[in-house]
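Chain nomenclature is as follows: A, B, C, D and E, assigned in order of appearance, with residue numbering initiated at 1 for each chain independently.
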Amino acid sequence: MTMSLLDVQDLTVAFTRRGEPDVLAVDGVSFTVEEGKIVGLVGESGCGKSVTSLAIMGLLPRRGVRLGGKALFEGTDLLQLDPGAMRDVRGRDVAMIFQDPLSSLNPVISIGLQVTEVLRRHRGLKGDAATREAAELLDRVGIPDPKRRLREYPHQLSGGMRQRALIAMAVACRPRLLIADEPTTALDVTIQAQILELLKDLVREFGTSMIMITHDLGVVAGLCDTVNVLYSGRVIEAAGRRPLFAAPRHPYTHGLLGSIPRLDADVDEALRPIRGSVRDALPWAKGCAFQPRCDRAVERCVGGAPELEDTFTGHLCRCVNPVSHEERV
Amino acid sequence: MIRFIVRRLLQLVPTMFGLSLLLFIWLHRLPGGPETSILGERATEERRAQIRASLGLDEPIWVQYGRFMRKLVAFDFGTSIQTGRPVMTEFGQRFPATLELTVTALVIAIGIGIPLGYMAARRRGSWLDNGTVMGSLLGVCVPVFFLAYVLKAIFSEYLHVFPSSGRQSDLLEATHVTGMFVLDGLITREWDAAGDALLHLVLPGIALASIPFAIIVRMTRASVLEVVGEDYVRTAEAKGLTERTVRGRHILRNALLPVATVIGLAVGGLLSGAVLTETVFAFGGIGSFLRDSIEFRDYPVLMGFIMMIALVYVLVNLAVDVSYGLIDPRVRVR
Amino acid sequence: MTLLSVQGLKVHFPIRRGVLFDRTVGHVYAVDGVDLEVPRGGTYGLVGESGCGKSTLGRALLRLSPVTAGRVVFDGVDVAALNGEALRKSRRRMQMIFQDPMSSLDPRQNVESILTEGLVAHGLGVNAAQRRTKVMETLDAVGLPRWAMSRYPHEFSGGQRQRIGIARALVLGPELIVADEPVSALDVSIQAQVINLLEELQAELGLTYLVIAHDLAVVKHISDVVGVMYLGGLVEEAPSRELYATPLHPYTRALMSAVPVPDPEVEDRRERILLRGDLPSPANPPSGCRFNTRCPWAQAKCATERPELVEVRPGHKVACHFTAEIDAGVLARN
Amino acid sequence: AESKRDNSSTSKDKTLVFGTAGEPKVLDPALATDGETYRPPRQVLETLIGNEQGSAKLVPRLAEKWDVSPDGTVWTFNLRKGVKFHDGTDFNADAVCQNFNRWFNFTGLYQNVAEYWLDTFGGFAKSESPTAPPSNFKSCAAKDSNTAVISLNKPTSRLPGAFTLPAMSIQSPKALAEYANESMSGDAKNLTYPKYALEKMVGTGPFKFVSWDRANKKITMERNDGYWGDKAKIAKLIFRAIPDENARRQALEAGEIQGYDLVAPADVPSLTSKGFDVPARPPFNILYLGMGQDNPKLADVRVRQAIAYAVDREALVKSKLPNGAKVADQFMPDSVEGYASDVKKYPHDVAKAKSLLAEAGATGVELKFYYPTEVTRPYMPNPKDIFEILKAGLEEAGIKVTPVPEKWSPTYLDDVRAGKPDLWIVGWTGDYNEGYNFVGTFFGRQKPEWSFDNVALRDALAKVDIEPSREKRIEMYKDINKQIMEFLPGVPLSSSPPSIAFAKNVKGVKPSPLTDEKFYTAEFTS
Amino acid sequence: MSRKKDRIDQLAELAGTRAETGESLWRVAFKRVRRSPTAIVGAVIIAVFLLIALLGPLFAPHDPVAQTWRGDISESMGLFPGPRSGNLLGVDSLGRDEFSRLVIGARISLLVGVLATVFGLVIGAALGIASGTAAGLGGRVGGWIDSVIMRFIDILLSVPGLLLAISLAAMIGNGLPTVMIAVGTINVPIFARLLRGSMLAQAHSDYVLASTALGVRKPRIVFSHIVPNSIAPVIVQATLTLAVAIIEAAGLSFLGLGNANSSYPEWGVMLADAQRYLSVAPRLSIFPAVAIIITALGFTLLGESMREALDPKLRR
């Protein structure tokens, strides 16, 4: 068996706070990322997508966080690395792009410095060489007139440009793994299309693997090789994108697909929303977290968490009463 | 940027004008006049009237104000009633002392406050954090004159390490160039004079610094806490930058922007705090002179000094804003 | 049958700058000549990129933004010309739903007070009891439990808050509702609930909607007619089914091709029209066709002449010089 | 490089730093009246007649001998020979007369600020105030180079005492001439002291003036090696102003200064116990409780007496005033010639106070009692506590007191002078040993603060003022004192000795009742 | 009551919501404040001192004004009886019981702090509201009014506070009202700016727009939406000002402008008066100083933790 690039096993993140019960933000998440593949993490706000990625990157605060499980990156457990070693890995082997391109750039430092500091840190480039390389990077991510942009500050760039600059920083060291946390959510669709296209190109060009975090099923459908659907801190369904969209098994995934207005759907087709909101969740210990909102809920949903089971080849689902193959969207 | 500065400077004109008018009316409505102080306890009413007349204080207030403004145009604040010397001379002689003291206090407050505030924020919730916050709060709560007394009792009377009053040892005949004694000592290479002046600055500096120190510590802490949670710090961490780069370039640089503003505002507090501190430490700056001037009803000095202080204060804040603009490019384009 | 008719609406925000006194040095052409008509009981959807002036247009309709030029005829009355009390009275018939359900609700008001405020302002409902009944009916209508009345906004989930916002708009019994991105701040699963609610309410109460969104799929789903906005102006307007089937304007085409569809089959097949660059600044719009800087089919003429919005098919209007050529595929992309 | 620093070991080369409560106003003592202004001239300049160190007795200074004509109008001074001013010019009768003529010929604002000249001679050559009486000064003539003759129009009780005042110090005519054509006022509506008064002080005294560092409130003087008398035992003398009382004490304890004035009474025992030398000056002052008779209740002498009986002066002296303070029973201390031991006394007696009040039908009177804040005067170390004690006594006797605290200068002084208070506390330190300097100052002319017109008292004072015979004057003062204490315009409270403190190793400064301490006798021991 | 609660729970379940009991923002903030140890320390301190201030006469063993032990005092001999039976903390320079004076003094000191703050707050808030309203809602004229007020505030702000206080005191005479007005005046510009700033921020918020869209009249919008939502930072500031006010009042007393008016005790005056006995009876300074410091600390702690609780940025 060949080793996966990243193997996340039973990742658990709990936020502890004095005088309050722990918040289990991520509750035993496992997935793997193969070399050169794009893995999607989808789910609604607060389901633990960002926390998962931050845990892998070692960016969670040290205080008040309890970590469990493993994140094996080429065999080394990133969670066990000491902070110094982790700093060497970050930005070089594993890089990350964040959601809000404006707030993710330091407003008082020029774009140039922000790009070159990575080059300097991990590739040991200095002075002119770093600047030249930075300009090339900007050019690669499609920023016109890179020389001038290097001297500019984030607020002088448009949203799309900023995200491109962030991507340039992330890919500066040709990382093995790129984690993109909702990289296009803050952008307009036309810009989103550009960015997604760029990411696809880069991944192909550099042979980088990618974890794509998003709540937009449409983005996942067009980009990812495998998709993990998260709900309340757990993976509730995982499959290759075609099987997943063709036959979602979990009622949540199913419901989600039903509630999205589709451009290609007929105007009169009504939306079938899921009841309630994400806040109405059961603690996993007491049963299926989705149970309070689930139309297919049965007795067995309450009492204990259902297991993530392989329904048929490669399609995992955590449900005692999954949607059968026939009742598809 | 230039336009911004020019604009602010132009705005200064009506503000100063308003201040002068307000001050003038206000000061001249104080009961009593300078004649009591000039003449002493035995003066007769007649002679007091003569003094008032010769000072022009018997004229209607707008006439007096007009005269004041006419001279002010030539930057002439008149002559101190107390000392009979031009107000600007008095200011020029005394301001260096206050400047020296204020700068010392600022250096103490900033030099200790910012690192401490940073460390407190980074170890939020630790004993260092709690201790720092508590300590800084305590710093604000101790009346300056009492703090001054305690400092002197410990360091001058008991330990004899720092002098308790004055600006330089009386036994020293140092050459003075700028009026800032430490600087003078350095310029003239009279190292012992500089050292001596520095020692004299320590206690008043600490006493004066207590409040800005507390403000700076708390502001730094809050600001660092805020910046640490910002996305761009996370980005910097994600880039795998060294801790030093993250701290210096990404956290402090941003966190210190609001601190700078607070420091600018604290200058006002320092200038007025100097009144008390200079009195208690017999430190010959504008503060103690101003205090005497109120007693003396030395209108020209009061007008001149307060307006100069206000000007200094406004200019310092303008400088802070400008430097803010230099550091923060977002403000630059306006 | 037309309830709302907008003619030549312009909203320009002055850019003021100056050394001492602010002068107007330019304008942000947020909305620059928009004509549209909404029939009673219909839904008009407005899409466009961020900053193209959708919200400004929506607000201008309700006179929440100043109107620079043009007419906003609501039920025969030019709202743009109203002022003072007449304007305030007219607001009862036109309401708004905001994007961010949290920030558009006063955190210190409980739901009842939020809902009665408008009633009080317009003197609707004779007494508190009547108003209360009205409020309860409205809560029922938007699917909120009655106990919500005594709660505060922060106690609700995003979807529920948006329902409160809708209830607030509904309670006055308006005829027109402008919904500015009513679902874009909501979770995917909640969006559908709110969209359905809006549709139900329309069916029940015969409301007229102007729905603003940047999500083309949402707009298309909810609207009868969709207007595509680009940099302050409409570039295409068509019944929603027709728009999807035959987008004519290059911008609309690009937009359509960019919207991801949660279906790998569709995604894999789709051909993307990628636009160059970003939306130009509305303060400095390009000459001629506003879209010419990013248009894949742009010709020399496009940079000089601004195309009119013309009806090319029944109910389908486009503002492009080369509609026919592009549609026929004779014009090559550059 | 090193700056010059005094680290010599012998007293002769050492610098003495003395902490004062304030800075002088000017350097020319003729233009001021206050003690802080006089302190430096007392070291640098000299008067014709001096005070014996440590007392108010007149002794020869620049004049070896002086005579007055029997009618008291011609004063002849035999001047000391071989005296030189600090600028090297000779001191002689010409110099004396040039000084007197300068004062006599003051014009403009000088006429207003030359207080002591006015007080002594009543006017100038050309008085600019239309209401001013003609000057009593007639002329000064140099009979020969060592004999100066000053003639008056009529005798005055102020002389010869006034000749000891620093205001009448003889300064170098050469130095004065350098600045001769300067007027007092710089430009219109700006009071500008003449440059001379701001930067020069050239006399004959044991110290030479070196500099006045205003920014640091420091006056530096150095030994005059050409002094005619005993040369100073220290090389340099510095007066440094430290306004805060505690700061002065702390500076002394920290060793930064070697002495300071206006020691708080409470600090005396602790300083003494730490080995500091804290001598008290012989009391030469009076603190009194003033009573404004424009309040009809206070116009009744029985009410005034009741107040005198009500206040507990013994307690005041015992608990608040320094060692050596005495309860005052008349308006001059017992060391002044003319003090009468048999005046009417008003011991603390609440019952008597109450009955007097009842008799006068003044039960439940309410009086506005003004007192100054933030000030320490030699005769009044802690006005607020003094007020509290007086108030307690008055309230005990059933008099209601409305306290009105005011800043000493200018509000308190102005209000007292304007006659606003019913009761107030203020005092006087004598300028020289002459009864008129006390009682004459208080009651010699009608004042709004007292607002009474006691013709008999006024006449008696006018008479004693022009009586040339000292013996006769003394008897007259005794009568006047008795008269005053019967009339009881106010209640004399105390005479107290203000203290002055010195470091352990400083000796030789004799505390003077007139605060006329000379520092040339100061020396460092070991 | 309980029936209603039951129904709420039922409905909540129906609607798929967990029932949360109604909580206003203030309550949430209060809860957060309650969890912070500094806030508790602060609140306890304030409570204790408030209690002392209110019930002072019950605690005080002696008349704070009576110079009962004056005979025991002699400055010239350094006699200042310290703690002894009957006088827990000794007697002051006039033979009055120090403990009783401290206890009774709490009353005036707190009153000075509170009234000074209220004075500053009222005037500052009035200016701030006027200016904020003018800037936020009024057109050209509004902008003009706003500028005028802000220039005035600038002027006030540029004059050193203590000088302002000293000259104010010189104008209206010594006494408690002076101290309160002076200290209050120093704080006027702070309150005004703070309120104006947060009002401007609120004026552009969506819910104000929403109210306008509802046809609510402008004055009502200002007073029932903008002002209440802007007031939180001002209240926090007021708590902090209370601490500063007590200290500033003490500073003024030190300069001789305080409540010299009466023998009635006030900490600032007690501290100032005791300065002259620092070398002989330091306790006379230390007791009031400590009282001032602790009280000020109490307010500061509470204010700071309130600020943290209400500051959305620091919430985590």
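The rule is simple: a residue touches a chain if its C-beta (ideal position, glycine included) is under 8 Å from a C-beta of that chain, and two chains touch if they have at least 3 such contacts.
All figures in this text were calculated on a predicted structure; none of them were measured in a lab.
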Tell me which chain's centre, taken as the mean of its C-alpha atoms, is farthest from subunit C. D
Which chain has its C-alpha centroid at the greatest distance from the C-alpha centroid of subunit A? D
Rounded Å distance, subunit B centre to subunit C centre (Cα mean): 54
Chain centres from averaged Cα atoms put subunit D and subunit E apart, in whole Å, by 47
Rounded to the nearest Å, the gap separating the Cα centres of subunit B and subunit D is 38
Averaging only over C-alpha atoms, locate the centres of subunit C and subunit D and give their separation in whole Å. 89
Two or more other chains in contact with one residue: find those residues in subunit E. 15, 17, 170, 255, 275, 278
Two or more other chains touching the same residue: where does that happen in subunit C? 157, 160
Pull out every residue in subunit B that's touching 2 or more other chains. 31, 149
Write out the stretch or stretches of subunit C touching subunit A in their complex. 49-50, 157-160, 187-193, 195-196, 214-218, 220-222, 240-241, 244, 254-268, 270, 272, 274-275, 277-279
Of all residues in subunit A, which touch subunit B in the complex? 54, 57, 59, 63, 86-92, 95-96, 98, 100, 103-110, 113, 117-118, 121-122, 153, 155-156, 166, 169-170
State the interface residues of subunit D toward subunit B in the complex, per the touch definition above. 1-7, 15, 17, 25-26, 32-34, 108-109, 111-113, 115, 119, 128-129, 131, 185-186, 188-193, 197-198, 214-218, 238, 240-244, 246-247, 250-251, 253-257, 407-411, 413-414, 417, 441
Which of the residues in subunit B come into contact with subunit E in the complex? 14-15, 18-19, 22-23, 26-27, 29-31, 130, 133-134, 137-138, 140-146, 149, 218, 222, 225-226, 229, 268-269, 271-273, 275-276, 290-291, 294, 302, 306, 309-310, 313-314
Inside the complex, what are the residues of subunit E that reach subunit C? 4, 7-8, 11-12, 14-15, 17, 20, 22-25, 28, 205-207, 209-217, 220, 225, 228-229
